[in-house]
Structure formats: C-alpha cells, structure tokens
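Both complexes below contain chain A, partnered by chain B and then by chain C.
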Partner chain A sequence: MLYLQLVLNGFVQGLVIGLGALAITLVFGIARFANAGTGDFLTAGSYGALAAHKATGSLLLAGLGGVAVSALVSLLAYVLVFRRLMGRSVMALLLASIGVGFTIRAIHGLLFGHGQYVFQVPLSRPYIVLGMRISPLDLALMLTAALALTILFVILHVTSIGRQMRAVADNPELARVSGIRVKRVMTTLWLLAGAISAVAGIILGIKTVVTPESGWDMLLPLFSAAIFGGIGSPLGAMVAGILLGIAQELSTPFVGFTYKIVLAFAVMLFVLLVRPRGLFGVVEGVR
Partner chain B sequence: MEAYLAAIGIVVLINVLLALGLTLQYGRTGLINFGHVGSFAIGAYASALLALQGVPLVICFIAAAVLAALAAWPIGLISLRLRDDYFAIVTLGFSETVRIVITSERWLTNGIQGIPGVPRLYERIGVGLPAQLAVLATLVVVVLIAAAVIQRIAKSPFGRVIEAIRDNEEAVKALGKDPAGFKIQVLMVGAALAGVAGAFYAHYITYIVPDQFGPIVTFYTWMAIIIGGVGRISGALVGTAILMLFLEGSRFIKDVIPGIPEIEMASIRLGVIGIALILFVTYRPQGLMGDYTRR
Partner chain C sequence: MLTRRDLIKSLSAGSAMIAAPGLVKAQGQPTFRIGALNPITNGSNYGAGMQKMIVAAAQAVNDAGGAAGRHFEVFAEDDQANPQAGVLAAKKLIEINKVQAILGTWASGVSLAVAPLTNDANIFLMNTSGAPALSVPPANAKGLLYRFQGTNDRWGRAYYQAALKEGFKRPATMALNNAAAISVTEGFSAAWEADGKKIVEKVVYEPNQASYRSELQKILAAKPDVIVMGSYLADLTILLREWYQSGEQVRFITPTYAANPELVKALGADVVEGLISVDTVPNESATAYKLFDDTYRKIMGQPGSTNSFAAMTWDMVTVLALAMEAANSSEIAAINAKMREVANPPGQVVSSFAEGKAALKSGKINYDGASSVLDFDARGDVKPDFGVYVFEKGKMNRKYIVKI
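Moving on, here comes the complex of A and B:
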C-alpha cells in the first residue's frame, strides 16, 4: 500500500517535472538551445500566483496570475536576451540562459526575500481509494495539469500558429522560405513556454514551499525528463516526467530523500548513453 | 591592512587556479564545463579529510589533484559521445551530484554541518602575517607552474590539436586524430587544477560546508574567464582580479550605503553576475583581453 501511495505522490511530482520538461523541450525543439533559465520561470509562476492569491484570495485567479507573470517573464527573456543571440554558438545561448536565470532569481530574492512561502489552501478530507489517500487538492492539481496540457496540445496541433511552430521545429530554413513569420512563432513559443512553466511552478509551490531557489533546484529533473522523453517531443517530455516523478518517489524508501536528484541525473546519463533520442524522439544526425 | 591584502591575494589566486582549469577546458578545447565546482569540492573535501587523519599536507594536495582528475575521467568518457549543450547539462549534473553526496554522506563529510578545524598550511609559523605570506608565496609558485604548463601545452603539438578540436572537430577526425583521448586528458588536467584550488581553499578557510560548493562558484569562474578573455592566461588573471574586486567591493557597499542586509547583497551580487554574463556574451564574447582575430 505504501508503494501505491508513493506512486500517486510521484505522479503529482511527475506533473511538475513533465510540465517543466515540456517548456524545455519546446524551446529546445524550436529555438534550438537548452534554456537553463527554465527553473526560474517556474519560480516566477509560483511567486506570481502567490501574489495574485494574496491580492484576490481566489485560487483560480492565482493560477491565471502566475501564468500571466511567467509568460511575460519568458517573453521578456526572449525579447531582451535570446533574440539577440539567435544564430550564435551554443555556449553563448547556454551562458546567457544561466545569466537570465540568475537575474530572475536575484529579482525574486529582492522582491520576496529568502524566506519560505506556502500557499494557504483549505485543508480537506482525503478520499480513500484502494488504501491510498487521495486528497481533493491533488485531484484538482491533476485536472489543472490536464487542462493546461489539453490547451497546449490543441494550440500545437490544431491551430495555424501551432502548425507553423512545428514547421519551424522541423526545418527552420524551409519554414522561413515558405513564408512563415519566425518572429510570430518565437513570440508564441516563449509565451507558451512561460505559461506551461508557470503551471509547473504553481503545482510545485502548492505541494511544497516557494523560495527563490525552488525552481532552479528542479532543473536537473526537468532536463533529465526532456532528454528521456526525446528532445523536441512534448508528449515524450510529459510521459518521461511522470515516470521520473514516480521513480523518484519509489526510490526514497531505499536511497533516502536527498538522492532523488541524483536518480534524475543517473536516468539522464543512462538515456544519453543508451538511447539518446529518448522515448519519442526522432533520430538526429548529431546529438 | 597587510593581512587583509594578503587574504585577498590568496582568494584571488585560488580563483585564478580555477579559471586556469576552465581556460584549458573551454578556452583552449571548447569543452563547455558547467560542473567545475564539482572538481573544486572533491579537492577541498579530499584534502581536508586526509589532513584530519594526520596525512602530511603535501600528500593531501596531491590526493586532491588526483581524485579530482579521476572523478573527471568518467565525465570525459561520456563527453565524447555528446553534443556541446548536452555535455554542459551533464557536467552541471555532475557538480550537483557531488554536492548532494557531500551533503548526504554524513559519516564521511559531516553533512551540512561541514568540517571545522581543517589544518592550515604552515601551521608551525603560526597564524599571523608570515604564515599568510607563505601561503601566498606557495600559491604564486603553483599558479606560475600551472600557467607555464598551459602555455607549454599551447605551443606543443598537443595544444594545436586541442585548438583544432575547438575550432572544427570534424576536421580533426578527418585528419586521422581521435579527439576522444585529447578531450579526456584536458578535462582531467583542468579538474586537477580545480582540485588543487579546492585543497588550498579548504586549508585556508579551515571550515568547509556543502553550501560553499554551489553552482554559483562555477559561474563565477565562467564570468572571470569571459570578462578577461577566453583562452588566454592573461585573461584568466585579469578577469579573476576584476571579478574578485567586485565581489570583495560589494562587501564595502554595506558600509557606504547602510541598511542593506547581507542577504540582500547576495541577491544583488547574483543579479549583477547574471546581467554581466548576458552583456558580455552578447556584446563582448572575446572579453577584455580576448583574441579578436578569431571568431
């Protein structure tokens, strides 16, 4: 029964990892670099939601506020930094994304201090199913994640801008000469990456605590899941994130709480060495 | 005052050693190592723990270099198969793993409480200025040796191959050289330098905790080599000096503008480093002393 409970907890953790990995994989697939600032986009979402929650008292508005803040932060990062570096070396973009992350974290530290914040969510009696304790809050978080994913996949696969995004991901040169406006695609991409990071950050904030470092501390699992799922594959990122979340929770009785992150690292190494294209990735010429 | 200057000199030179390691790895060979602090931590803990067991300090320092280099070996093996950005992420994971291990394995490292009372260098001379100057002199010698070795490597056939790997790895392969072995050696030498830096750090600060080995240290070093100019020894020196001037100087801002608590200063420092990274990468990727004839 303990293990079933761990699987459930891991599933919720996995939603955080999967959604964050989704933001990484979208950027990696379309803008073609590993955004090490993604963790701090998560934190921006958490703080945005906290502030909105305090101001309005409504969890729904808190969620929307967090999404808006993180989407804006992400778009700003693109307009002010990454746009100027397009076409530059991998090192330039990677280091700049570290710089963006540091800057966001510094702003969080200055605005909100270094204490821990928690979401004041009403306590409720958990449902007992098969001996597992399922809290209504967890169910609500799962539904939220499912809703966010549905919206994202509809945008990616049904709308015209989504098709354009996938075209750029597939072949940027061909997309450009076909008349796709890259600027519009990029703007949408960064707004989406920020918004989806915010959902991850809010779930993380509700399940644990919010500090300026809470998102950065998730970065390795996020990268791990993005690679595990296959870079550029949104579905893969989500599946890998949930698997990783469950694996991390199941490992705690054996290796202890602190080694969760190391497990994510080990999974990443294993995938890179054995199956670099991950679960759903396509074969690339280079890796 | 002399003691303060000597202290700054020691801290600067320890960071110069770190920067030299990265100069070799990134500046010369193009390896994007985001886990430099991992080697630094291994050196610091290895030397401190051995010294507390009564092992002579010379052997502790050698062990620090060797262990840091050995830990870099598997990373090198993996790096051969990965693209630059994946390698960067893997190395970042390496340093975080090191930090988590030293945080968790309390039987060995005393966890977050850290290791107090690490023996100083030249303890027989005492703890005053003469001992500090002796440490400083030792560091100067070590830095000079490291710089000479890197300079020597640069002029050797080995140096030309690693530069060629940086500039065009495919061409190196086409010429029948295997980049793999070269990359591993460069990583291990760079890690050994970081390990020695870690040993100096542990024996100078005398109290080490896992918090001192966060990723920020890695990016301080990156900042230093980018300010100074990537790939140049003079760049590593100048960049580190400027960075340390800023980090030290930010302590004095507290005295000039009262009412800024230390925790806020930490955020400000982080933000300044973040913005400086962005600006340098965007507008001056060669740094101040950089080689403008190259890309």
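Moving on, here comes the complex of A and C:
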C-alpha cells in the first residue's frame, strides 16, 4: 500500500516534469537546440495565472491567462532572440537561451519581488481509495494535464500545421522545398512550447509556491526527462517525466529523501551511455 | 496594468540601484569602507531591511562625526542567500571596493563560504547565521568573525524548552538538507536525547520539490505528537499545506523565519492554528531598540519587530564604530582588540554611537544593543533570549520567553 501511494505521489510530480520536458523536446525537435529558458517559461505561466486568478477569482481563467502569458513570452523570446540566431551553432543558441531565462527571471523579480506567492485554492481532505489518499486537487490537476496533452497531440497529429511541424522536425530542408512556410511553423511551435510550459508551471505553482526561481530550479529534471524520453519525441518526454517522478518516489524507502534527486541524473547518465536515443527517440544519421 | 513605460522605468530604477556604488558617501576625508552583503533576492524577506539598517546606522555614525576620525562608506551587494553568489559578491567587495568589514551575511552556507575570503584579507565578517561551525576554526581561525544571532545549537535547545513546556512526548524532526537547518534539529535532538528520551522519526528533505507528501507520510507513520522543523518559508508552506490536507493531527515547532505573518497569508489561519514558532527576541526594553525601531519604521514603513535580523545589522555597524572609536584607529587588529571591551560589561551602558563616543572620553562603555544585550563570548557569539509564539486565529501571540 505504501508503494502504491508512492507511485501516486510520484505520478503528480512526474506530470510537471513530463510537461516541462515536452516543451524542451518540442523545441529541440523543430528548432534544433536545447532551450534552457524553458524553466522560466514555466514561471511566466505561474505568474500569469496568479495575476489572472487575483483579477478574476476563477481557476479556469487563471489557467487560460497563464497559458496566454507564457505563450506570449515564448513567442517574444523567439522573435527577439532565437529567430535572429537561427542557423548559428547549437552552442550559441543554448547560451542565448540561458540569457533569455536569466532576463525573464530578472523581470519576474522586478515585477513581483522575491517573496513567495501562492495560489489561494480551497484546501480539501483526500478521498481514501483502497487505503490510498488521493487529493481532489491532484485529480483536478491530472485531468487538466490530460486535457492539455490531448489538445497538444491533436494539434500535432491531426491538424495541417501539426503535420507541417512534424515535417520540419523530420527534415527542415525537404520541408522548405515542399513549400512549408517555416516562419508559420516556428510561430506555432513557440506558442505551443510556451503554452505547455505554462501548464507545467501552473501545476507546479498550485502544488508549491511561486518565486522567480521556481521554474529554473526544475530545469535539470526536465532535461533529464527530455533525454530519457528520446530527445525530439513528445510522447517519450511525457512518459519519461512520469517514470522519473515515480522512480524518484519509489526509491525513497531505500535511499532516503535526500538522494532521490540523484536518481534523475543517474537515469540521464545511464541513458546517455547505454541508449542515447532514449525511450522513443530515433537514431539520427550524420548529415 | 503594467505599461511599457512602467516596465522600462522599473527596469532602469533597478539597474541604477545595482550600479550605485557607495550608498553612504563621505566626502573629502579618509573613510572606513564596509560591505553590506545581504540576501536581497531568493528566499529571504529580511535582506532589504538588513541592508537599509546598515546604511542608516552608518549614516548615524557619520552624523556623529565618524569613528576614529573616519566616515563610514557602505558598499551594498546581494548574496542571494546562495554561497556561490555570496562568494562572488564578497570577492568584489574585498578586491574592488577594498572593504574592511563585511556585514550581514544571513544564510549559514553563505557565511561559511565567505569566511575564508575575509580571513585571507584579514577583515571582519559579522553574520546573522546559526551554523555552529562559525564559532570555531577554520571559519573563525583569526577571531574576526562575530555572530549576532543565537547558534543553531541554542535554537535547538530553545525548541527543547518549548517542547517540554508544552508537554510533548513523541517528537519527530524534519529538516531541509542544509547545514543550518539540520543543525537546528540536531540541537533539539541532542537536548531531548540527553534525557534518555527518544525521537520517534527523523527526516531530511530536499528543497524545491513539487511535493513533500512521501516525506510527510514517513514522518506521520511514526505517530509523533509534535514535529520539530528545521525549515524555511517556502518549503514549510508546501509541507503544511500537504499536511493539513492529509487530515492527520500533529503540532509543529518551527523557527519564526519560516513561520510568520507571510505564512498565514499563504495558507490561511486554519492551517497554522496552534503552530508554535520560536525566535530570538530583540532587546525590546532597551533604548537602542527604540532607536532602531524608529529608524526602521521611517525607512521600511513597518515596525522593527518584523525583522529581528535588521536589529542585528544595526548593532553590527554601531559596535564596529564604537570599537574603532575606542581603538582610535582604523587598523583591523586594533579595532578587534576593543570589540568585547565596548560591547560587554563593565562600563557605562550606552545605546547609540553618538552616546558611546561621548562616554568613551570618560572611561569604559558597555553597548546595550537593539538585537540583544550584545555581550560577545570568547568565540564571538552572543546569547540572545528566545520567544515562544503560538498562532491563534491567524495571529502570532508570544506566550513566554526562554533563556538558554
């Protein structure tokens, strides 16, 4: 029973990691660089949602507000910085993204201060199912995440822009010569990456507290999950995030709480050494 | 609504603040340079007040004509409550600003990381940290470290007194994984176990986790009647929210830097009802405290009681200036030799730099501080008293004072 409860605890943790990793992997698959500003997109989503929640009192509108803010921040980062650096080396883009993250964090600090904010959500007692404690809030958050994922996968796999995105991910040159407008694809990509980061950021914010650093602090597990899932694979990132969350919690009876973090990095190391393409990744040929 | 113009204005105001060099300028005459290294960003809500009180106390010293013929010049930096950032800022203060004292490091990790630098430079480091390691070599190898806060060991013993008084039988401890937080709960455990009694469970947890439910599950399984916390505001907020939703009955003893009105604002009065919060109490009946409180209200717009650390930084500047005046020198060794002489009895009790400066002409003085009576022991530590508060209907009510 203890283990089942740990699995459940890990699942909720894993959702945040998986959604954030999804944003990283989307950008990596299409724009071809590791965006270290993703953590701060999460935070932008949390602050956006906090502001909307304060203004309207509705959690639904808060969620939409957070998604809108983070999508906008993400798009701005693309228009102002990443677009100008496209075609440069991966290192240049990675460093630029660290700078973008730093800038977003500093703006958060100036606008909201460095104290913590919390979502004023009603507290509730858990349902007890088979001896497991399941909090109604967690259930709601899981449903929200499932909804966001469904929307994302529908966009990626059913719509025309989604097909174009996947085409660019597969082979940018071929996509361009077949008449796909890369600019439109990129705009959609950054909006989506921002929106999905916001969902992760809002869940994280509701579960914990919001400070300018809260998203940045999550960055390493996010990268770890993106690599584990097979970089560039949205489904892989999500699955890997949840697996990581569960594995971390399940390890605690054996290694204690302070070493569970290490597990994320052990997994990353193992995957890089043994199966560099991750869970669902494809082997890339040398071009 | 935030307009673009507002944003640019706030951004440029921010960068102007960062760029401003000496905040208290002394013109023409030789100066004594001090670095105000405080946690402005990241995790602590005390840093800004601490830094402003250093500036204000330095201004008071300068208004009284300076110490040993020198005016104080303050260089402000942010240590981000982070050892790495603290070391970078301390390096800058020492190598570029050539400060002769660094005042007001708050997190133990920062104080421990900065100490080797100040020791190498042979300058003072005055801190408000709790880690026991700061009392002894290597950190305090040269006797240039002064701690204006109770050691964590003392904090732990204050918790022990509170737990005894409240009649708890089955305590458990939870601590954030850093030197300071763990030494608080270890101080408690040592005192409790010295009586041959048992701690039912001990958990150490990591910062910045999305959930602490597994940690709570483990500690609650041991059926404690009280959980003694070595924690900070952010992690305590998350922990208490999850605990409350679990529906289990238990009480908590926490440091006030984690459980304060901010926590009530975050969680609501119901969650924190009955929570026991322990803090060092400032020297409330002292004239120095009144001076500090007036200044704090004027500059920060809040009562001085909301920031016990700011009272400590206020005292740092005042005691340093008094020791300088007594030594009639700006040499570090000469000042250091006078630190205990001006702060400890015997001597005429004084409450401000101006008063002390005048009294020094006629004999020995004993500075009665704002943060405590401020008597340094051989290790440069002070022994403040502790207040025990209980949260009732969202208000933090002081119940009694514990002397260690």
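In the analysis below, the second predicted complex is superposed on the first by the 275 of 287 C-alpha atoms of A that agree within 3 Å, B and C clash if a C-alpha of one lies under 4 Å from a C-alpha of the other, contacts with A are read in each partner's own complex, and residues count from 1 in each chain.
Here, contacts are C-beta pairs under 8 Å (C-beta built on N, C-alpha and C of every residue); 3 or more make two chains touch, one makes a residue touch a chain.
Here the structure is a predicted model, which means the values were calculated and not measured.
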Do chain B and chain C fit side by side on chain A in the superposed arrangement, or is it a clash?
clash
Looking at the overlay, does A:Leu272 come into contact with chain B only (first), chain C only (second), both, or neither?
first
Tell me the contact category for A:Leu204 with respect to chain B and chain C: first, second, both or neither.
second
Examine A:Thr187 and indicate which partner it touches, taking first as chain B and second as chain C; both and neither are also allowed.
neither
Examine A:Leu110 and indicate which partner it touches, taking first as chain B and second as chain C; both and neither are also allowed.
both
Is A:Ile261 touching the first partner chain B, the second partner chain C, both, or neither of them?
both
Quick one: classify A:Arg84 as touching chain B (first), chain C (second), both or neither.
first
Which of chain B and chain C A:Gly99 touches, first, second, both or neither:
first
Have a look at where A:Asn9 lands relative to chain B and chain C in the superposition and call it first, second, both or neither.
second
Superposition clash, chain B versus chain C, among 116-124, 134-142 or 152-160:
116-124
Note: overlapping chain A surface for chain B and chain C spans 106-107, 109-110, 114, 212, 256, 258, 261
Touching chain A in the complex, chain B uses residues 26, 32, 34, 78, 81-86, 88-90, 92-94, 96-97, 100-101, 103-104, 219, 222, 226, 263-264, 266-268, 270-278, 281-282, 285
Residues on chain C engaged by chain A in the complex (per definition of touch):
2, 7, 10-11, 14, 40-43, 45, 177, 203-211, 213-215, 217-218, 233-234, 237-238, 241, 244-247, 262, 266-268, 270-271
Seen from chain A, its contact residues with chain C in the complex are 2, 5-6, 9-10, 12-13, 16, 106-107, 109-111, 114-116, 118, 120, 123-126, 133, 135, 137, 203-204, 207-209, 211-214, 217-218, 249, 252, 256-258, 260-261
So, in the complex, the side of chain A touching chain B is made of residues 33-34, 36, 81, 84-85, 88, 90-92, 94-96, 98-107, 109-110, 113-114, 212, 219-220, 223-224, 227, 256, 258-259, 261-262, 265, 268-269, 272-273, 276, 286-287
